[in-house]
Amino acid sequence: MLYREAGQFKSSYGADEAIFPIRQDRWLFAAALIVAYVVVPLIASEYWLLSILIPFLVFSLAAIGLNILTGYAGQVSLGTGGFMAVGAFATYKLATSFPDLNIVVVFILAGLITAMVGVLFGWPSLRIKGFYLAVATLAAQFFLIWMFNKFPWFNNYTPSGVISAPPRAVFGHVFVTGAEANSVDKYLFVLSAVTLLALAAKNLVRGRVGREWMAIRDMDIAAEIIGIRPLKTKLLAFAISSFYCGIAGAMWAFIYTGGVEALAFDIDRSFQILFMIIIGGLGSILGSFLGAAFIVLLPLLLERTPMALGFDVPVNYLSNMQSMIFGALIIFFLIVEPRGLARLWQIGKEKLRMWPFPY
Amino acid sequence: MEIVAFLHALLVEPFVAMWQNPEFLLEVAIGGLLTGVMYSLVALGFVLIYKASGVFNFAQGTMVLFAALTFVGLLERGFPVWASFLLTALAMIAMAFVIERLVLRPLVNQDPIILFMATIGLTYFLEGFGQIVWGGDVHPLDIGIPKSPLIIGGVLINEFDLVAAAVCGVLVTVLAVFFQRTAIGRALRAVADDHQAALSVGIPLKNIWVIVWAVAGIVGLVAGILWGSNLGVQFSISLVALKALPVLILGGFTSVPGAIVGGLIIGVGEKVAEVFWTPATGGAIEDWFAYALALVFLLIRPQGLFGERIIERV
Amino acid sequence: MIHRKAWLATAVTVALAFGLAAGPALAQNEQFVPRLVYRTGPYAPNGIPFANGYGDYLDMINARDGGVGGVKIVYEECETGYDNDKGVECYERLKHKGPTGAGWVDPLSTGITYALIERATADHIPVVSMGYGRADASYGAVFPYVFTLPATYWAQADAFIKYVAQQEGGFAKLKGKKIALVYHDSAYGKEPIATLEKLSQKYGYTFLKYPVSPPGIDQTATWLEIRQQRPNWVFMWGWGVMNSTAIKDAASVGYPMDHFIGVWWSGSEPDVVPAGAAAKGYKSGTFHGAGQNYPVIHDILKYVYDKGKGHGTRDKVGEVLYNRGVVNAIYDTEALRTAQAKYGAKPLKGEQIQWGFEHLNITTARIAALGAEGLVVPIHLSCANHEGQGNVRIQQWDGKHWHFVSDWIQPDRDMLDAMYKESALAYAKEKGITPRNCAQVSQAQ
């Protein structure tokens, strides 16, 4: 009922190929954008903006990046953390070497540098597949972190190796990094970047490139036979995925925490982002957001529910219980719907088409 | 000029150092071999499960921790060693039953990556559960093997490492006999070769999975005891899984001898690299070097050293 | 089936909205303290005793004296699991709690300290990184809200060299000696390198570096190298499982334990107990006493444990890290007391307590009144000096207990102050911060 597309006719190929072919979806998307851009900045507290929404958005971006590589192109990667570190350190070097460069340009350049590094470490994918490739990308992960930790050039010779974001403005006095930056400005900046990049990704995967990726994912030999060049396609997936991860890493270091050491991007980070895309849904941009929300919000929720209900539980029990429930929920969700939260959403929509009528 | 000096330090000096001090090289290599055995122990658990069920068990490290925590927890409550071992083994078998029933069976026939994710859920669960039951403290574990230096012909060898190697040897032999000579072992190999064919000749797949997870749990217990007596039983034991991963890829996910040989190669490789290439690189390279070494082997043999050949058809 | 899935999604969403919205309220005459603790995860063995000591001391103060100056101290623990993201989240969540917001914050991890420096400075909440964090933050002109009392890693490194010189019979004897550093390959582990390198030029010893990649569960290569190089002394900047592994491996290559000195985070019971008998004779730095034999600890046993309200078990009271938690709580509450003397005995804001920290002066008489003689050393902070005097002692493990084996060693203040200032000014320049003029600050007050 709510979701009936009856009466919505498409009279052009353009309309048929739109991102949101159904009117209700367009409204929903517009409403989501209004909430994100207008309502949230008005009502959300600093705590929500700084420690929940910004990391959620940054994680979503990284998850989109990994989803392009793993969900669409089928190359399992555990090097996400390493690529995020490349983005963070490239941004730091660029921002401190060229203080006049606009921060947006710096982020984009850092993304491009990460893309190059991604291509470099993507080469083995031409020969190694599946879980073997996943573990091989760990070589990139460990090497990159070691490298940033080892060579003081990357952190401008600070004794501890921690990079710390210098204050930079997008335009005028709208600072997005550094101590003076306003949390709403930071949030809107990250939100805009994520919106633009997510739309770009959505369009990319709907087009020729995306179809090539999916062909490679589904069966690479067959794809090769029908004329898709695995070298170009796989490396392009690595490049674009790394671009996204690099920008996510840069935002993590510069906008979210403000100061990080290389170990902030260790192997745990890579796993965390992989969990997001599997839980959210492989091969789905929406799934990247849902997965990030699941991994960021659920532990907080589990931690705070007993307190909200008035139980006084020692933190260690709370934390262990949280870990147990979180684990159990992952298994539960996988059993209910192995294709992730995005698929669950789709099923929900199907249901809404009929609701409240049974047929 | 700096580049020349760097290349010299990278490509020439380490070998000169090895040449000048062969005894030290031998010592490092032996140290690496024995460490590699300890990695293999953890890798074995992965291989068993992957071989029989195609599941990449992320929870193996946590299973090692959980087994060690249970073992040491029972010891601290006054159980004798053999009883603690037996009870822990029983706990691991019980756990295998529960996992098969609640996790594997509902997810049968799903993509490998989904099963992998399910084992991650399992990891979180076991981490929380283990710490609730046994606490977050470190428990010292002394199984009576001294870690004193033993100098044989000028080369330092560790008594503890020798015992660990012997235990590992026994374990592999037992597993080999189990796989080759018993009915269950034959069934396991059949399942590993082809699930459907095994089912069609009447091998009960579910039981096989329980057995494999139980055996992996017991192998994890042995690994946990050895690592635990080395490090103290504490949360960090679960991190040895990361050391086992390069061993696993190098040896191949499906091969028991591969896990052993892989462990030895990785052990020697990373220790020699760490010791002799530290002047050129600044050290702490062993983590990524292990993966890089595995990567080199993979580029030559994409299925690992002893892995089953990947046959690709359209 | 489809129906069930839709319900599931709805239920999760509702629960999510509900759980994140609530939190308990607080009464008015209370000083709120957020407590970032790690009682789970890989570093829990170290985090548990510290958190217990800190909490027990505050409970004791509340039970015995009714708080500080009649203001009850309330706290909320937030589990970080030693994870930086969680630490930031905890801080953001708790910083506005209580009638006046967070009075101060002890991040309890070098990584979390780094992430909080900028935020807390903007929020005007003092960050007390006691014996960890950023050493150059001791230069208070650049870091007004960060306190590194009572000593930094740099101070400790200098004290170690002084101790070695004492043992060897004078600084002249250091020439030609080999001193090695085995360190956690991270921001934390790299802290002492600059100091030790600088001193090696001054005294002419050879400085060898051995990074151990975290978590450091296997150090075969490192210790074989040490056996080969035979350094006269080995220092260790380790953390968690790395410590006990290093002690075991050192024993297995036959390195003499009494020439092996760990940083104060490598010198507590969880570090030596797993290594068993091998650890006997191992030394470490410290800035406070161990054991139960102090009046203040007796009071904790009397007012907290005798009533069955202790955070931990009685036998763990007096462990090194337990006492460190107590010492941390003493410093924090003394700063609060100092601030109350100026602003009145009521709940104070972070910036008022910052004044308290900056004017903290714990004299010998005050220590006696606290019942902490021998537990803590006198300390005096100022606008420019957020560290204090940086005194360090060496303790040794006899297989059962830790004992002092040196007197308080005062590091070279001139050298350290110059190093802090140089490093802090470089930071200020990069971040565009104008340092405070400390001469003016003290006049204005």
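Note that the chains are named A, B and C in the order they appear, and that numbering of residues resets to 1 at the start of each chain.
FYI, a contact is a pair of C-beta atoms (placed from the backbone, for glycine too) under 8 Å apart; a residue touches a chain by one contact, two chains touch by 3 or more.
Here the structure is a predicted model, which means the values were calculated and not measured.
Colleague: Starting from the defined contact criterion, work out which chains touch subunit A and subunit C both, please.
Modeller: Correct list: B.
Colleague: With chain centres defined as mean CA positions, report which chain is farthest from subunit B.
Modeller: Checked the centroid distances; the maximum from subunit B is C.
Colleague: What is the distance in Å between the mean C-alpha positions of subunit B and subunit C?
Modeller: The separation of the two C-alpha centroids amounts to 36 Å.
Colleague: Measuring centre to centre with CA averages, how many angstrom lie between subunit A and subunit B?
Modeller: The mean C-alpha positions of subunit A and subunit B differ by 32 Å.
Colleague: Residues of subunit C that contact two or more other chains, please.
Modeller: As it turns out, subunit C has residues touching two or more other chains at 39-40, 44, 48, 185, 213.
Colleague: When you check subunit A against every other chain, which residues touch at least two of them?
Modeller: Each of 146, 149, 316, 319-320, 323 in subunit A touches at least two other chains.
Colleague: Subunit B: which residues touch two or more other chains?
Modeller: 131, 136, 282, 284, 287 - these are the residues of subunit B that touch more than one other chain.
Colleague: Touching subunit B in the complex: which residues of subunit A?
Modeller: Residue list for subunit A touching subunit B: 76, 124, 127-132, 135-136, 138-139, 142-143, 146, 149-151, 219, 221-222, 225, 267, 271, 275, 278-279, 282, 316-317, 319-331, 334-335, 338.
Colleague: In the complex formed with subunit C, which residues of subunit A make contact?
Modeller: Those in contact with subunit C are residues 46-47, 50-52, 55, 96, 146, 149, 156, 158-162, 164, 166-167, 178-180, 257-261, 263-264, 297-298, 300-305, 307-308, 310, 314-316, 318-320, 323, 336-337, 341, 344-345, 347-348, 350-351.
Colleague: Enumerate the contact residues on subunit C facing subunit A in the complex.
Modeller: Of all residues in subunit C, those touching subunit A are 2-6, 8-9, 15-16, 18-24, 37, 39-40, 44, 48, 77-79, 81, 84-85, 88-89, 91-93, 95-96, 111, 114-115, 117-119, 121-122, 134-136, 185-188, 190-191, 193-194, 213-214, 423, 426-427, 430-432.
Colleague: Which residues, counting only subunit B, touch subunit C once they are in their complex?
Modeller: Checking each residue of subunit B against subunit C gives 21, 24, 27-28, 31-32, 34-35, 38, 131, 136-142, 147-149, 156, 158, 160, 227, 230-232, 234-237, 239-240, 243, 270-271, 274-275, 278, 282-284, 286-287.
Colleague: Where on subunit C does subunit B make contact in their complex?
Modeller: Interface residues on the subunit C side: 39-42, 44-45, 47-48, 185, 209-213, 215, 217-218, 220-222, 224-225, 227-228, 240-241, 244-245, 248, 251-254, 270, 273-276, 278.
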